[in-house]
Amino acid sequence: MHKGRIEAFSDGVFAIIITIMVLELKPPHDDSIEALIALIPVFLSYVLSFIYVGIYWNNHHHMFQAVKSVKGSVLWANLHLLFWLSLMPFVTAWAGENHFTCRPVAFYGFDLLMCGVAYWILAKVLIKHHGHDSVLAKALGDDIKGLISPLVYIIGIAIACYAPMVSCMAYVAVAVMWLIPDTRIERVMKD
Amino acid sequence: MHKGRIEAFSDGVFAIIITIMVLELKPPHDDSIEALIALIPVFLSYVLSFIYVGIYWNNHHHMFQAVKSVKGSVLWANLHLLFWLSLMPFVTAWAGENHFTCRPVAFYGFDLLMCGVAYWILAKVLIKHHGHDSVLAKALGDDIKGLISPLVYIIGIAIACYAPMVSCMAYVAVAVMWLIPDTRIERVMKD
Amino acid sequence: MHKGRIEAFSDGVFAIIITIMVLELKPPHDDSIEALIALIPVFLSYVLSFIYVGIYWNNHHHMFQAVKSVKGSVLWANLHLLFWLSLMPFVTAWAGENHFTCRPVAFYGFDLLMCGVAYWILAKVLIKHHGHDSVLAKALGDDIKGLISPLVYIIGIAIACYAPMVSCMAYVAVAVMWLIPDTRIERVMKD
Amino acid sequence: MHKGRIEAFSDGVFAIIITIMVLELKPPHDDSIEALIALIPVFLSYVLSFIYVGIYWNNHHHMFQAVKSVKGSVLWANLHLLFWLSLMPFVTAWAGENHFTCRPVAFYGFDLLMCGVAYWILAKVLIKHHGHDSVLAKALGDDIKGLISPLVYIIGIAIACYAPMVSCMAYVAVAVMWLIPDTRIERVMKD
């Protein structure tokens, strides 16, 4: 099967997730500066989640550059990733509205962890479908970022009830790490 | 007419339906575990509907692989399917918010039934357009799952006011049946 | 300029308009049949608007089949059409919630009229761009439906405060007229 | 990397932003003319923002016509633009609901300014990627509108607390200036 429609459908879901999160940033009914300041936690959680969904879209884009074809299992592994990403607006709003307290921060980290796991599964399914000698397998070869991220998320979840701000900083640190573009695939495809 | 735009439009509608359902999962205003536990029925109905819309997208994707061209009647049969799918967020939220009682569960099943009927009509319209000797007609040949599903939905609707949980399990069972990928089309197209 | 992106963007807007209208169909908080019956007017307005947006998408699809290229004025004529279509969820919800009284019904008709006018402008801009001897100009030649529709809308608006139900029936009649597929373009392109 | 998916994803985000803004135009619960008149400020802010997002989509469309390929930095510069555009529904609703008072008008201008800055950065990143002798660099050569716009926005922000209506008129004037189609790229590409 061609990869065109799975890319188009995923792009649609990514675009909607990244955009509907802003609906949680509800415009205040008065025009005071105080009303705006009260929105800062929700805004910060929006910015972090926007960057995370952007990172996933970028990595998804890079990975599918090297994809030749898809089959049923790839469609479902992809839907599984989109499911956990679709919960981002929920955990984002919950964490922002409650000013990053214990449980919402732990759940935010849990959703990031499940997105990471789902992405890893999708990569494995794609490598299995393309073979271990494929460009895709080489391009995804040594995924150090993909190993560090879940570890940091788990630490973030574990300490969320003792030091939620440290957890948040951990999530920010992972995002910064991923912002440095992943040149593996570009490099391998050039070779 | 080319099939490109009907696929793009359908992908857009599928992507929006599957994503806006999460808006019904409203983040609680406090950060207690109790508030989160209270959301479990809404969450479960979201998961089931996500899987159902995913199944329809997958089957739609498979079926249109074998489609060569479209015409007016195909566009309307497709819109008819999208109409019933667009009611999924409504029936999902109604069933989840009311903790799967009699009437919401019956309506959830009714919408699944109408989606199934609409999909069957779309398949018939496509086969008529392509001819009974086409790859598409052969690929959709003996649709046992498509016969069992409406029967189970009707049973689920009938017993929803006596044993709504059994109805829900029936809907889950149909979803599990469909999760096993439909290899008919892939097989026939290879031949 | 290629027509690919204007089609993709329009498909996105059509898909979102047709889908977010269902958000106005708010699931009742109790599971009674009365609560569901109270939603019938909102549901009926949803069905009518779904069909109207579907008709516009179908006609847009047909018209752009014959389009060879686009330029700035086409982009803006298209955005103008999408603007009036984007007000459909608003007029639909207003008419449905108020059970089709005078002013909401008149405004519903006004928006349908403006959509019709915007579509006519888009057709004229496209014909001017392609030339009066083009396939597009021939395909759009004698647009009887396009002449009847605005007249019916104007009558519907004029009588909305005396007989709103007759106005609604007039809008339904126009929709039924358009459901009969427009074979002009398919016929001319075959020649 | 091909530019196909960055266009598709951007089209999706543009389509969602331009469409969800209408959700802030909440249908009144009664059918009086007064209720409709009370919506006029929100409606006017919707019209202005619809035109602005339309302008950005048009310019984005034009610019990417001359784009040959993309890389990581282009994806992020594009996401940065989409971030500031995604705040348009928020600033639109805040300005409209508060009838264009001081602070909401200043913030509306600030978001327009940041969109302008983000678009300028995207153009610079694309020119750097394609080289200063590329068609793209020539096409974007002397961007007088792009220089005037931020100056007008800054003036609008500065005077928003003294004469918010003048600020609004300044924003409208910039929009009108951009409505005159940008023929630079079409001209250079023809050469």
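For reference, chains read A, B, C and D in written order, and residue numbers begin at 1 within each chain.
Just so we're on the same page, a contact is a pair of C-beta atoms (placed from the backbone, for glycine too) under 8 Å apart; a residue touches a chain by one contact, two chains touch by 3 or more.
Only a predicted model underlies this, so the values are computations on that prediction, with no experimental measurement involved.
Chemist: Farthest chain from subunit A, comparing Cα centres?
Modeler: Measuring from the centre of subunit A, the most distant chain centre belongs to C.
Chemist: Under the over-half criterion for shared residue numbers, do copies subunit A and subunit D use the same patch or different patches to meet?
Modeler: Different-residue interface.
Chemist: List the centre-to-centre spacing of subunit B and subunit D in whole Å, with centres computed as mean CA coordinates.
Modeler: One centre to the other, that is 37 Å.
Chemist: Nearest whole angstrom, what separates the Cα centre of subunit B from the Cα centre of subunit C?
Modeler: Once rounded, the distance between the two centres reads 26 Å.
Chemist: Can you list the subunit C residues in contact with two or more other chains?
Modeler: 8, 12, 15-16, 20, 23
Chemist: Over in the complex, which subunit B residues touch subunit C? Could you list them?
Modeler: Those in contact with subunit C are residues 1-2, 5-6, 8-9, 12-13, 15-17, 20, 23-24, 71-73, 75-76, 79, 82-83, 86-87, 89-90, 93-94, 97-98, 101-104, 107.
Chemist: Which residues, counting only subunit D, touch subunit C once they are in their complex?
Modeler: Answer in residue numbers: 7-8, 11-12, 14-16, 18-20, 22-23, 25, 27-33, 36, 47, 50, 54, 57-58, 61-62, 64-65, 179, 181-183, 186.
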